[in-house]
Structure formats: structure tokens, C-alpha cells
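Here subunit A shows up in two complexes: once beside subunit B, once beside subunit C.
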Partner chain A sequence: MRLTDWALWLFTIAFFVFMILPIAVVVVISFTSAGYAAFPIPGWSFKWFARIFEYQPFIDSLWVSLELAVVATVASCLLGIPAALYLSRSQSGWATAITTFLLSPLSMPMIVIGFASLFFLSWMGFGISFLALAIVHTVICLPYVIRTVTAVYRAVPPAYEEAAMILGASRFTTFREVTLPLIRPGIAAGCLFSFLTSFDNLPVSYFFGSAQTNTLPVVMLAYMEHQFDPSIAALSTLQLALAVVALVVADRLYGIEKMTVAT
Partner chain B sequence: MSDTAQISARARRALLLAPALIFLAVFFVMPLADNSARSFIGEEGGFTLARYASFLTDRFYLGVIAETVILSAAVTLISVVIAYPVAYVLVRKAGRLSGLIIFLLIAPLLTSIIMRTFGWQVLFARRGLVNQWLVTDLGLLDAPLRWLNTPGLAIAALVHVLVPFAVLSIASVLQGVDRRLEEGALMLGASRFRTFFEVTLPLTMDGIGTGAILVFMIANGSFVTLVLLGGGFQTLPLLIYQQFNTTRDFALASTMSTILLVIALACLWLQLRLVRRQGV
Partner chain C sequence: MSLNRRKFLGTGAAAAGLVGLNGLPLRAQTKTLNVTAYGGVWEQAIRDCFVAPFEAKTGAKATVSLGGPAQWLAQVEANPENPPLDVLIMTPDLAVLAAEGDLMDEFTVEKLPNLANIPQAFTDACLGKGTYFDYGVGGITYNKQAVSEPPMSFAAFVDRVSSGEFVASVPSIQYGPTTVFFLWALNNALGGDVNNVDPFFEAMAKMKDNLVFWAGPNDFFNHLASGEADLGIYFDGRTWNHVDEGVDWIDFINPEEGGAMTAVAIQKPKNASDLAWDYLNEVLAPGPQAQFAEILNYGVTNTEVVYSEKLAARVTPLSKANLPPYAEIAKVRNEWVDRWNREIGM
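For the complex of A and B:
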């Protein structure tokens, strides 16, 4: 190998140490037997995972976050899939403009979306409620579904659907038997991104704090401001495990390459 | 197709698009417009530019805008400089290892900001791993350094969050570079360095641009890392957060979020121009 190659590989390895170290440290600390968060750990135990289940706000907010992520993802699919179906088959300039518009929530600062929505939704009478939070989460999740479904459906030649129709299938049958199976990887990827985005969101959820609407990240942030113990590490590890499992399942079902077309 | 059939086909397609469009018009555009509108309405009602006039002539607030942009630009520059060699290795050198590299790039994206921040706090605590290495193991320092609440650590944490986006943007463009152009330069006697700087780098400028805008855009709106890791920065998102939490001057917060929104829209516009040039 040349010297430059050595340098490049050394740099890449240093880069991944930088990327992985802060995360690996948290995973290790979540198994500590000590009463404080420090690395290296004196011994192993599961007590901080048990602690999660003893602290009621964690459990309550975990449910809120899960319900919220499911509602936002389902709503994003209901709104996003039809729009994506239409936009991927249209070549016109204004279809591009509309796609840009539908994806634009990804480009706006979250803190502004959160702050602005709080006032607007209160004015509309939603107040600080689960419904209000679900609406704002749908705004930030919808682009992911539209982006992934559009990318997958664009790669599907119209010939399949045309063939089904020529052979006498109704529009609905064609959709159910031909289109839907073909775009399923896109829907799966969109749901995955949408779920993880909602579940992890802090900047928007932060503005909608109340007993019924405190999500897990909001409660974790509040907890961290007062205490610095390994239960936050244990929760983070659980969250990461959940995300990795979801990713692996999606990969087994649809293949990660097909799903990353969109990203 | 008869006229009526054509109209009904158009109507059906409009029905596919309508729910998403109406939803975002009502719950995305209107809140942002309403928020910006409130920054133009005076205490006694009526249109006013007074807030912007005082905001944009105030030394402190001008400093805040400058700091927001400079911090984002610094994070962007560092991210792109770090990302390029990694993207190069991923596309050109990794071979069978490329799957592993992609996994290692994606895995951190699945972790929460809170988790990463927690990791930084542990690693760089006064008696943390880094100080232990530097003082006890390597003997480079006599006394532990104070890392937490320094600007450097906050910038490192922001780069940590954003650099994967830059790597992926650059890698996707690098993948598309026609290698015959590089071989041509080499055959005509250019050195490897000259080939890289005069052929490869210019051909990947679009990837650098896309990645840079993406990183800048996200850095510009981020505040959780800065809230938790400190660093003494005064940026627009941090000030909006503080106004909401403590000072509760909502009109000022609206003014600041409008300015932040204008910066974001400018980035979006730049991004669209770049994407259109690439013909994607």
C-alpha cells in the first residue's frame, strides 16, 4: 500500500473511533453496578434497567412516545402514500414544485416549527393535547413517507399496472394486487424513518409539555437537568436496541439497499 | 378519452394530492405565517417594523445572528473536511468493507441526541476517560483539563451529529465520477495529487455543496446539544429557547424565529438550485 493509502485508512479509523466511542460508552455504562455514571465501570449489573421501570414518569412518557409515533406514522401514510403515488407518475414542473413543498418541513428549523405550532394550535382550540402533538409530529414525519414511497414507485415501470388493467383488472384490484406489493419497501422504509423520527423528537415535543403530552425525550431531558445517573444510559441503550431491531427486521423483509434508494 | 373521462381522471388525481397539501397548508404553512405575522404586529395592533428595526440595530442581537451563522459555518467546514477522506475511502478503497462502513455511519443516526450528549459528558468529565488518558496513562498533562462547557466540545458534538450526512452526500457524488477522466490525467503525466486536486475534487464539488448546505441547515436550527453541553454560545435557537422558558417575550421570539426561517429558506433555495444543476 502507498503511504497516502495508509494515511487515509488511519484517518478513517480515527473517524469511526470518534463516531462510535461516545455511543459505546453509554451502552457500557447502562450495565454498570455503580451508583454513578462513570467509565470504566467497576462491575456489571442490570439494576439501571430495573430502575427505569420503577420511575413512573419514564414509563408514562414511554407510552406517550410509542402511541405518538404510531399515530404520526399511520397519519403520514394515509396522507403521504396517495400524494406520492400521484407525484411519482407526473413529469410536470408543478409536480416537482409540489414535491419540494411537501418535503420542505425537513428543511425548516424544528424549534421554529414547534414554537409556531404551539401558538397556532392553541388558537385553533387544540391547546396542549395529545392530538395537537400528533398533528405537529405528522408534519415532520410526512416528508419521510413521501420521499421513500416516491423514490421506490418511480423505479417501478408503469407497464406492470398497464398489463393488469389490459387484462381486465379494475383500478382497485390493480392497486391492491400490483402497485401495493411493488411499493411496499418504500412504505416500510418511510414508516421506519417516520417512527424513529417521531420517537426521538425533542425540539418540537419540548414545546408541548404537560402530564398527558410529555414524551420520553422530554422527560429524559428534564431528568438529566437534575440528576446524572446511569438510568438515562439504560434508557438510551433500550432505545438504540429498538431502533437496531427495527432496522434489521426491515432489512430482512425488504433489503436495506432497496430502502436506501430514497436517502 | 372523452372530455368528461379526462376531467374525472384529473379530479381523481387531485383527490390523491389534496389531503397532504391541505394538511401541510393548514398545519405547517399557517403556523409559520402566523408566527411571522405576529412579529410585525405592534403592541396596540397595526403593522410595525419596529421590532426588526431595533433587533437589527442592536449590537447584541446582531452579534447573535453573526454567531449563529459563524457557528453553523464552522461546523459545516469541519464536517466537510473530515467527511471527504472518509467518503473517498468508502467509495474507492473499502471494497468489501464498504458495507461495514455504511453500517457504522448509519448506526449513530439511530441514537438520540440525549444519548450522544450523555456519552460526551462521561468521556470528558473532570475524572473522565479522556482526562485519565492524558494525565495518568500518557502523562501529557499535569492536571486534568476542564472540557465540559467549552466551545470546542460543543462544536465536536455538533460535528458528531452532522458529519454522517456530509459523508453520505459526498460519497454518492464520488460514486458517479467517471474514473476514465482520472486515468486520462494520470496517463498524461499528472501526479496523483495533481489528478486529485484538478480532476476528482472539482468533479465532486456538487456533492460537497449538497452536503454542506444540508449540514449548515441542520446546524442552524439545533439547540439541544448547546443547551446540554454549554460552550457559552448565544445563537438564535438558544435565545428562542430561553425566551420561551424564562423571559417569555414571545414577540421577540417570533422575530428571532422569522429571521431563522429566512436563513433556512435561503438554504433551501440554494439546495434546489444545486439539485437542479445536477439534473437529479
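For the complex of A and C:
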């Protein structure tokens, strides 16, 4: 093996250690027997995982987060897929401008979106409610669906759909039998990103938090500021495990490689 | 199952209805008070000490919203006519801002009989539109294994950190209360005042090679636990909470000049439910306050409260803490932050 190969190999190992070690430390701390977060740990225990289920706001907010992520992802798909299909094929000069506009939440600081949305939606009468939260989460999730579906659909030759219609298929049949199967990896990738973006979001959810609408990240922040025990580390480990399971399931269903092509 | 147009529209309407019901603004529920709390042990203490007696006495229900003062104030500012929260827990600086913005109701003994036992200075500090109910003091927390003879004053702290005897962990400017419990307190101890913070910045320049900065309270503990720092500026109550969790190597000193009182204010937004007065009166009552103090290891403001022996040894008496001039500090805070960013940077 040449020296440059060794150097590259070492760099790759160092890079992975640099990326993974902080996460590994959090995972180890989540199993500590101590009442505070410190590393190395004095002994092993599952008590901080039990604490997650004892502290009711964690459970309540977890359900709100899951419900919200599902609603925002479904709404993003309902709005984003038709928009992406139309804008991908449009020859109009407006199409690029509208696509850029729909993707703009990606380039805005989330805290600005959250703060502005709080005042705007309050002015519209939505107040601090689950509906208001779902609207804002849809705004921030929409770009992921549009981006991934657009990327896949632009790679699909229009001739496939034209052939189906020439052979007598209606527009809806063409969409269902030809377009939808072809863009499915883009939709899956968009849904995955959308779900995880909503589920992990703090800056937007923060402004819409209430006893009924607090999401898990908001409760975690509130907990961390005034409590020192390692239950947040345990919760992070649990979230990490869920994310890994989600990725494995997505890989089995659609293949991670196809989904990464979509992005 | 076949899906015809009628079924599709019907299902859509039902789904929209469900989402809409779930999305009703919170104040649509009557006889329910929406109060606030920080997370973790704070939330449990709020429920046990204040919410439970309030519900027992009034028959009303109280929901507890977890979060932070900036979030709650923004929500009230966005909905001043129909505030989603009835009682706010606030930092002293935001309490002043909220009072100046005319967003809060006036506190009087007629509305809150227990206010009579709260020092008037605490209500005045909120411009009459709120008061303090709980307080901690910022002082010197140290690792007993690394520091055998801790500095007993802010001046000694500066001298000994400057000389390299200790590495100190101090709050960074990212942490909201830093300008008060560290900048103002140290400056005050070194002879400065609100209009002259040169003593503070000169001290920081002398100590700079032996400082690490914490962005959040948990960082401070990690600095001490990892040996990155020997001592630092922290709060009394948080130190005792660590001790109660089994950390036997940590201790706290209220500096001879007196640490800055970091208080927790309570306020009632204008147009909030009048039930809030019953709840607030409970928050200011001596019994619930004493119970609250026992859980959190922090001092409370009702002068009738009698602490347990253990807590009395821990709580810094009001007479030995300095009440920062929050309203004056609010006027110059941006200048201080600007100077901090230019000269210290963290």
C-alpha cells in the first residue's frame, strides 16, 4: 500500500472517530448510574431510560411531535408533489421564480420563520394551537418534498408519459401507473427528510409551545435548563435508535442509494 | 373499498373538522388557567406547591406550559387581546420590558393579599406590574478537591485567577443573565457602577489567560467535573442541587461583597383570566413558597417563610445579596454586550 493510501485511510478513520465519538459519549452517559452527566461513568444503569417514561411531559410531547411530523409530512406531500410535477415540466419563466420561492424556507433562519409566523398566524386568529404549528411545520417541510420530487421527475423523460397517453391512458391513469412509480424514491426521500425535519425542529416549535402543543425538543430544552440528570442523554440515545431504525426500514423499502440520488 | 366523490368530500370534511377542533386557541376552554414553568424538577414543584392548592381552593383547572420567558413573552406580545397564558414566569430584565410595554397588570395588595409580605423593592423592580417570588445568588462555586482555600471575595477571585493560581469557568455573553449576575456583580464589587463598567473589563483582561467560558449552566458543571476549571461563577441553588444528586466535591461561597440576586418574577398579562389572581396569591403564600424552596434549594421572597435547618444553612439571606438595578441595566445592556463582543468575544 502506498503512503498516500495509508494517509487517506488514516484520515478516513480519524474523520469517523471525530464524527462518531461525541455521539458515542452521549450514548455511554445515558447508561450511567450517577445522578449527573459526567464522563467516564462510575457504573452502568438503565434508570435514565426508565426516567423518560416516568416524566409525563416527555411522553405527551413525544406524541405531539409524532402527530405533528405525520401531519406536516402528509400536508407537504399533498401540496408539494403536484407543485413539483407542474414546475418541473413548465417552460414558463415564472416556474424558476416560484420554485425558488417555495424552496426559500431552506435559506432562512428557522428562528426568524418561527418568530414571524407566531405574529402572522396570531394576527390571522390561529393563536397558539396545533393547527398553527402544523401550518408552520408544513412551510418548513415543503421544500424537502419539492426538492426531491423535482430532482427525480426532471430525470424522467417526458416520452414515458406521452407514450402512455398515446396508448389511451387518461391523465390520472398515466400519473398512477407511470409517473408515480418513477417518482416514488423522490417522494420517499422527501417524506423522510420532512418527517425528521419536523420531528427535530426546535426554533419554530419553540414559539408555538403550550401545555397542549409542546414538542419533544421544546420539552427537552426546558428540562435541560433546570435539571442536570442524564435523562436527556437517554432520550437522545432513544431518538438515535429510532432514526437508525427509520433509515433501515427506508433502505429495505426503497433503497438508501435511490433516495440519495433523489436529493 | 370504492372511493366516490361524496365519500372523499365527507372524509375530507371530517378530517378538517378534527384538525380544526384540535387547533382551537387555548383560551376557548373556560375555567382553565394556563400557567408557566421551567422543565424538570421546576415543573413538578410548580404543580405540587402552587397548582394543587389553587385547584383545591377554586375548583378550577390549571395547565402548565413548559418553556422559557422569551417564548412566553413573544406569545403574549403576539396575542395581547387574548393572551394564551394567564401567568408568566419571567427573568427580571424581561419583566421590566413587559411592564414598560404595558403588557402586564398592576400588582396590588387588594388583588393579592400575600403581596403584603413580599419586600416592596421586588414589586418596584418590576415597575409594579409583577413581583419576585424566588431568588438565587451568583457567587463562587469551586471544586473542593482542587481548591483547598477558596477566594472569599470577588476581588480575591480576580487576583488569584489573574496570577494563574486557578483556572476559572465564567459565563459567556450567550447566557442571558450574564450581564447581571456576573458583569454587574463583579463590576459593582470592584468599585464600578452601571455607568462605568471599566473595572469589570479591566479585570477580565487580567484574567483572560486563565478563563474558560460556559454557555449554559450544564457546561459549568462539566468544566469542573472534567478538571478543565477549578472554580467559577455559578448559582447557589444549582450548586446545592448538584450536592443533593451525589456530587460531594462541590461547594459554594457568597462573596464578601455580596453576590447578585438573580430573581424569578411572576406577572399577569393584561386581559388574562381573573382566576390568575387566585393562583398568584397562592404563589406568594408562605406555605407553598416554603415547600417550593425545599424542593429547589433556592430562596423565596415571602418574609414569613421559615426554612428548614438544612435549607437555612444553604439559602443566601436577602440581606447578604445585592439587588441589581434591572431597569437601569436594561438601558445600557446593549452597550455592555457590544463592548463584551469587542473586548472578550466569547
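Definition applied: the second predicted complex is superposed on the first by the 243 of 263 C-alpha atoms of A that agree within 3 Å, B and C clash if a C-alpha of one lies under 4 Å from a C-alpha of the other, contacts with A are read in each partner's own complex, and residues count from 1 in each chain.
Just so we're on the same page, a contact is a pair of C-beta atoms (placed from the backbone, for glycine too) under 8 Å apart; a residue touches a chain by one contact, two chains touch by 3 or more.
For clarity, every value in this text was computed on a predicted model and none was experimentally measured.
When the two complexes are overlaid on subunit A, subunit B and subunit C occupy overlapping space and clash.
Of the two partner chains placed by the overlay, subunit B and subunit C both lie in contact with A:F115. In the superposed model, A:A37 makes contact with both subunit B and subunit C. Once the two complexes are laid over each other on the shared chain, residue contacts for A:I20 go to subunit B alone; subunit C is not touched.
In the superposition on chain A, A:S210 makes contact with subunit C only, not with subunit B.
With both structures placed on the common chain, the touch criterion links A:T100 to subunit B but leaves subunit C unconnected. Touch criterion not met for A:A155: it reaches neither subunit B nor subunit C. Which of subunit B and subunit C touches more residues of subunit A: that partner is B.
Shared-chain residue A:L66: touches no atom of subunit B or subunit C. Of the two partner chains placed by the overlay, subunit B and subunit C both lie in contact with A:M224. Comparing the two interfaces of subunit A, the one with subunit B and the one with subunit C have residues 37-39, 115, 119, 123, 207, 221, 224, 228 in common. Listed in rising order, the residues of subunit A touching subunit B in the complex are 4-5, 8-9, 11-12, 15-16, 18-26, 29, 37-40, 78-80, 82-83, 85-87, 98, 100-102, 104-105, 107-113, 115-117, 119-121, 123, 135-136, 138-139, 142, 146, 196, 200, 202-203, 207, 217, 220-221, 224, 228, 232-233, 236, 239-240, 243-244, 247, 263. Across the complex, subunit B meets subunit A through its residues 13, 15-17, 19-21, 23-24, 27-28, 30-32, 34-35, 38, 82, 85-86, 88-89, 93, 101, 104-108, 110-116, 118-123, 125, 127-129, 160, 163-164, 168, 192, 217, 220-224, 228, 237, 240-241, 244, 250, 253-254, 257, 260-261, 264, 267-268, 271-272. By the touch criterion given at the top, residues 34-39, 55, 57, 71, 115, 118-119, 122-123, 125-132, 134, 206-207, 209-212, 214, 218-219, 221-229 of subunit A touch subunit C in their complex. Residues 19-20, 22-27, 34, 38-43, 63-68, 71, 74-75, 77-79, 82, 84-85, 216-218, 221-222, 225-226, 238, 241-242, 245-247 of subunit C are the ones touching subunit A in the complex.
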